[in-house]
Amino acid sequence: MSQRSKWFTQEYLNWIIIGLMYITYILPVLFPFSPPLTIGEKATRFYNIVESLPEEPYILMAYDYSPVSYPLFQGLQEAFMKHIYSKNGRVICVAFSADGAMMYQKMEITFGYVWNTKTYGEDYVFLGYIPGGETGLASFLSSIRSVIATDFRGNLIDDLPIMKNIDTCTDFDLVIDCETGTTLGDGFVRQVSTVYKTTLAIACSGGATLEPYYPDQLQANLYPLPQVGAEYETLIKEPGNASAQLGVLFLGALYFILLFIFGNIARIFKRG
Amino acid sequence: MSYFLRRTAPLWLTTIISVYLFINYYFNIGGLQIEQLLLSFAVVITTASLGLGLINLSRSHILRIQRMQKGQWYYSIILLVSMIVTIVAGLFYGADSSEFTLLYDSTVSPLGSTLMSLFIVWLAPGAFRAVRIKNVESTALIITLMIILIGGSPIGSAYLLDSLTISSWLNSVLNAAAQRGLKITIGIGLVILGIRLLSGLEKTYLKGEITE
Amino acid sequence: MLLIEGRITGLILLIIMAFISIYMALIAERWSPQIRQLAGISVIPELIGRCAELGKPLHFTTGQGGSLAETEVGPQIMAGLSVFNYVARLCVKNGVKLIVSVGQTDTMGLLQEYVRDAYTAEGLPVPDMEEILRFHSRNQFAFISAVSGLMRRELPASNIVIGPIWAESAQLVCSGLEVGAMQLIGTARTSHIPFFAILSDYVLMGEEIYAAGAQLSGDKQTTNTLAAQDVSKFISILLLIIGVVFFTMTGNNFIKNLLGM
Amino acid sequence: MTGILETTGIIASIAFTVGALTLPIKDNVYWKTCEHLYLGFAAGYSLIIAINALNSNLIKQLLTGNVIYTIPLILGIMLYSRYIERWQWLNRYPVAVIVGVGTAISARTIIDAMIIQQIRGALLNPLASGKDIVGSPKTPINNILTIITVITVVLYFVFWQMKGMDNIVIEKSRKFGIIMLMGSFGVLIGNSIHMRVSRLGDRFFYLLSPENQLYTLIFTIIGVISIVLSGRKSKEL
C-alpha cells in the first residue's frame, strides 16, 4: 500500500491553485467585460407563464436563502417584480428560513428605487419568518391567519388591504420560491402543487434535482442561477445585477475546465 | 405507571397525531380545523426549540472559560460577548429596526456569505488532484460535467451554441430520468420510515439524550 | 364522497407498503433476507490495514449537525453509529489509533458505549475518552474547520464518514485528499453525493448507508425494512413495465390514468 | 451619529470578509477571532429571530383571545426540562408532537409527489416522440432511454441478494444504472459550480468596489501578516 506521492500532497500546490483562482475573480471586476447571451428554454417558459397571468395577479414570493446566495437571486427577483408591477400585480413576501427575513430587508434597500414608489401593505407586504420547514409551509398555505396574527412589522393581518381576500394557497395566481436547500424544494412541490394545484415556480441552486417534477408538477424550474436571471432580465429589457455577473461566470467556469484537463494531463506526465 | 409515562405515552402520542393527519388527508372527515391547530402547535414548539441551540453553545463555552482551557478560553469570551451584544441590540431595538439590520449586515451576513462562498475554493485543489478517468462511470461523469460547464455558462451561450442543445438535453432527459429513479428510491425509503415511526417500530428519535 | 378524488391510488399504495413493512417486521426473528455485499463495507478492513501498515491513525465521524430526534437525519446518524461499532472493534484488534470527530450533542453516550465494548472485547483497559472522542461544535463551519485542522495535525491514513453532510462536503473530502488519506464517505443527503462520487475513493449512496448499518449491526429489524423497501421497488418497476407495454400495444395509457385516480 | 455607525459597519464587514478568505490558505489568529465573533453573533441573531417569530405565532394569538394556544406554550416550556435531571423525560412529549406532525405532513404527500407522479412521468410511449426541449431533437430515443434509466436506477438500490437468473438481470441493470446516475451527477456538479462561481464573484465585487478598496488593502496586509506569523508559530509547536 503506497503512501500517496509527496508531490500529490504538497502544501504549496494548494496555494498556487487558490492564488490563481483569486486572480481569475479579481480580473473581471477590475476589467469588466460581458459576453453576448442566448436565451434558454427555462427562462422563455417562465417569461410566458408570467405573461399569461390574469390582470392584477396576486403573487406569493418565498425568501428561503442565506446572505451568501443573494447575488444568485437578486437579479431574477427584481426583474420578476418589475414584470409583475407592469401588470399592476401585488407581491406577498414570506420567509421559511431564519435568514430569509434579513434577505427581504436587504432587498428593501437594493430594490428601494421601485418599492418607494409603491405603498407597503397595498402593493407589497412581508409576513415575516414561519419556522418549522415543511410543517410551517403546510400550515401557512392551509390558512395564513391560523399561523400568524401580524406581519413582520407588527401590523395586524386584517388591517393590511393587500391581505383582504387572501388566506389560503388557492388565492394566489403564482407561487415562486427562491431557495438553496433541496429539502424545502420538494416540500414546495408536495404542499403547493400536489395539495392545491397552484402554479409553482422554483428558483433553486439545486434545480437539477427538481428536474423530474418539471414541467407537470413544477411549472418553472429556474437554474443554473444567476445565468437564468440574466436571460430573464434581457427578456424584459431591464439589465440588472445578474447581467453584470456574466464576465465572472465566464472566467469561473473556464478556470474549472482547465483544472480538470490539466489535472488529468499532469497525472499522465507524472506516471510516464 | 412511570414506565408508561416515560416511554410508551410519547410513542402513542406520535402515532395518534400521525394517524389522524393521514386519515384527514385521504378521507373527507372535515378535520381541517383540528389539523390547522396541530400544525400551528408544531410550528410554535419548533420556534421554542430554537433557544436550545443557544443554551448548548453558551454552556460548552462557559465550561471552557471555567477550565481556562489553553489557547481556547479567550476565544470563548469573544464569543459570549458578541452573543450578548446581539441579544441586547435585538431586544432593545427590535428585529425589524434599522440598527439591528445594520448589526446583521456588518457581522453575520459578510462572515456567513464568505464562509459559504469558500466551497468552490476547497473544491479546486481536490478537482485538480483527484478527478480521474478510472472507469466507465467516471468517464460518463466527467464528459457530462464538461458539457454542462460549457453549456450552462456564458462560454456556451456566447460562442459554442451547440453546447446549449446538448446541455439542455442532458438536463431534461438524462438527468431528469436518473433523478426520477433516485426520487422513487428515496420516496419509498421515507414512506417506509414514516410507517415504522407511525407503528412505533422506529424508536431512534427517543434514543438521543443530552450528555454533553 | 368519503374518499378524496386524486388521492385514492396514494392510499392504496400506502396500505400495501404498510402491510409489507409491518409483516416483514413481525417475521424478522424467523426469517430475514441476505443483503448484497456492499463495495463500501468490504473495503473497511483494507482501510484499517492501511493505517496499521503506515502506523497512522484512522479518522471517523458521523457528520455534523442535526440530532437523533429529527425524522430524516436521525436514521442517518444511527447508520453511522452502527458502522462505527464495527470500525472501533477492528481498530482495537489491529492496534490502530482511533480519532472520532463528534458533531452532534446526543450521540456522545452511544459512542462512549461502543468504544468501551471494543476495548473490553479485546481485554484491554479502556483509555481516556477525551483522547478518542473529540466534540468540536454544532456549528457547520466551526466543526469542519476543526476537522481539517485535526487532519493536518494527525495525518490519518484513512478517513471514514457516514452520516448527514451539508455544505461542508468539499472541505471535508479535500482535507482528506490533502493529507493523502484513503476515504470512504456515505450520506443520504443527495445534493452532496456527486462531490463524494467524484473525489472520494469509496462512496455509499443514499439508502446504501442504511444497508451498511443493517449489515454490520446484524439488526434483523433494519434488514427486513430494506427487504420491504425492495419489494416496493419491484412493485413500482412492475407498474412501469406493464404500463409501458400496455401503452405501446393499445395506445391507451391505462396505468397512467389509473395511478392518477 | 448614524454616519459613524455606518462606516464602522462597513469596515467590520470588510474585515470579516478578508478574514474568511485567509482561512483556506492557512488557519491563523485573525481568522480564529473572526470565527468566534461569527459564532456569537449568529447564535444571538437566531434567538432574536425566534423571539420575533414566537411573538407573532404565539403571544399575539394568546392576546387576541384564543386560549387554546396555552397547550403549545406548556409543551414549549417542557422542551427545556431536559436540563433538569429528574424531569428529563418530560421533553419527549414536545419532541413526539414535532416528530408526529413532521412525519405525517411529508410522508402523506411523498407517496403522490415522489412515487406515483414519478412513475406516471416515466409512462411514455417508446415509439412516440420525446419531451419538447427547445433545440433538442424530439426522437423516440429520449423516451426509451428515460424508461430504461428509471428502471435501472431503481434496481441499483435493491439490496436483496438474489440467486441465479434474477441476480444476473439485476447485476446487469445495476451496471447500466450506475453509469446513468454518474452522468446525472456530472450535471449536478456542473450546475453547482456555476452557482458557487457567482457567490465567490460577488465577494470580490464587494471588496473591490471603489469605496471599499482602501479598507480591503489594509485588511489584506493584516491577513498576510497573520498567515506568516501562524506559519512560524506552528513550526515551533
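A, B, C and D label the chains in the order they appear, each numbered from 1.
As a working rule, contacts are C-beta pairs under 8 Å (C-beta built on N, C-alpha and C of every residue); 3 or more make two chains touch, one makes a residue touch a chain.
For clarity, every value in this text was computed on a predicted model and none was experimentally measured.
Chains that touch both chain A and chain D: B, C.
Note on chain placement: the centre of chain C and the centre of chain D lie 18 Å apart, centres being C-alpha means. Per-chain Cα centroids separate chain A from chain B by 17 Å. Chain centres here are Cα means. That of chain A falls 31 Å from that of chain C.
For chain D, the set of residues that touch two or more other chains comprises 21, 23-24, 35, 38-39, 42, 45-46, 49-50, 52-53, 57, 61, 95, 98-99, 101-103, 105-106, 108-115, 118-119, 121-122, 133-135, 150-151, 154, 157, 181-182, 184-189, 191-194, 197, 199-200, 202-203.
Residues of chain C found to touch two or more other chains are 7, 10, 14, 69, 71-72, 137, 139, 141, 177-178, 190-191, 194-195, 197-198, 206-207, 229, 233, 236. Taken residue by residue, chain A touches two or more other chains at 8, 14, 18, 40-41, 68-70, 98, 101, 130-131, 133, 135, 138, 147, 152, 206, 208-209, 212, 224, 227, 249, 252-253, 256, whereas all remaining positions touch fewer.
Taken together, the touching pairs cover every possible pairing of the chains. Residues of chain A that touch chain C in their complex: 1, 3-4, 8-9, 11, 14, 182-183, 206, 209.
By the touch rule above, chain D contacts chain C in their complex via residues 23, 27, 35, 38-39, 42, 95, 98-99, 102-103, 106, 108, 111-112, 115-116, 119-120, 122-127, 147, 150-151, 154-155, 157-161, 181-182, 185-186, 188-189, 192.
On the side of chain D, the complex with chain B involves touching residues 5-6, 8-10, 12-14, 16-17, 19-21, 23-24, 32-54, 57-58, 61, 68-69, 71-73, 75-77, 79-80, 82-83, 88-89, 92-111, 113-115, 118-119, 121-122, 130-131, 133-136, 142, 145-146, 149-154, 156-157, 177-191, 193-194, 196-197, 199-200, 202-203, 206. The residues of chain B lying in touch with chain A in their complex are 32, 35-37, 39-40, 42-43, 46-47, 50, 95-96, 101, 104-105, 108-110, 112-117, 120-121, 124-125, 127-133, 142, 145-146, 149-150, 152-155, 157-159, 161, 164, 168, 171-172, 175-176, 179-180, 182-183. Those residues of chain C whose C-beta lies close enough to touch chain B in the complex are 1-4, 7, 10-11, 14, 17-18, 21-22, 25, 67-72, 74-75, 77-78, 104-110, 135, 137-139, 141, 167, 170-171, 173-174, 177-178, 188, 190, 194-195, 197-199, 206-207, 210, 221, 225, 228-229, 232-233, 236.
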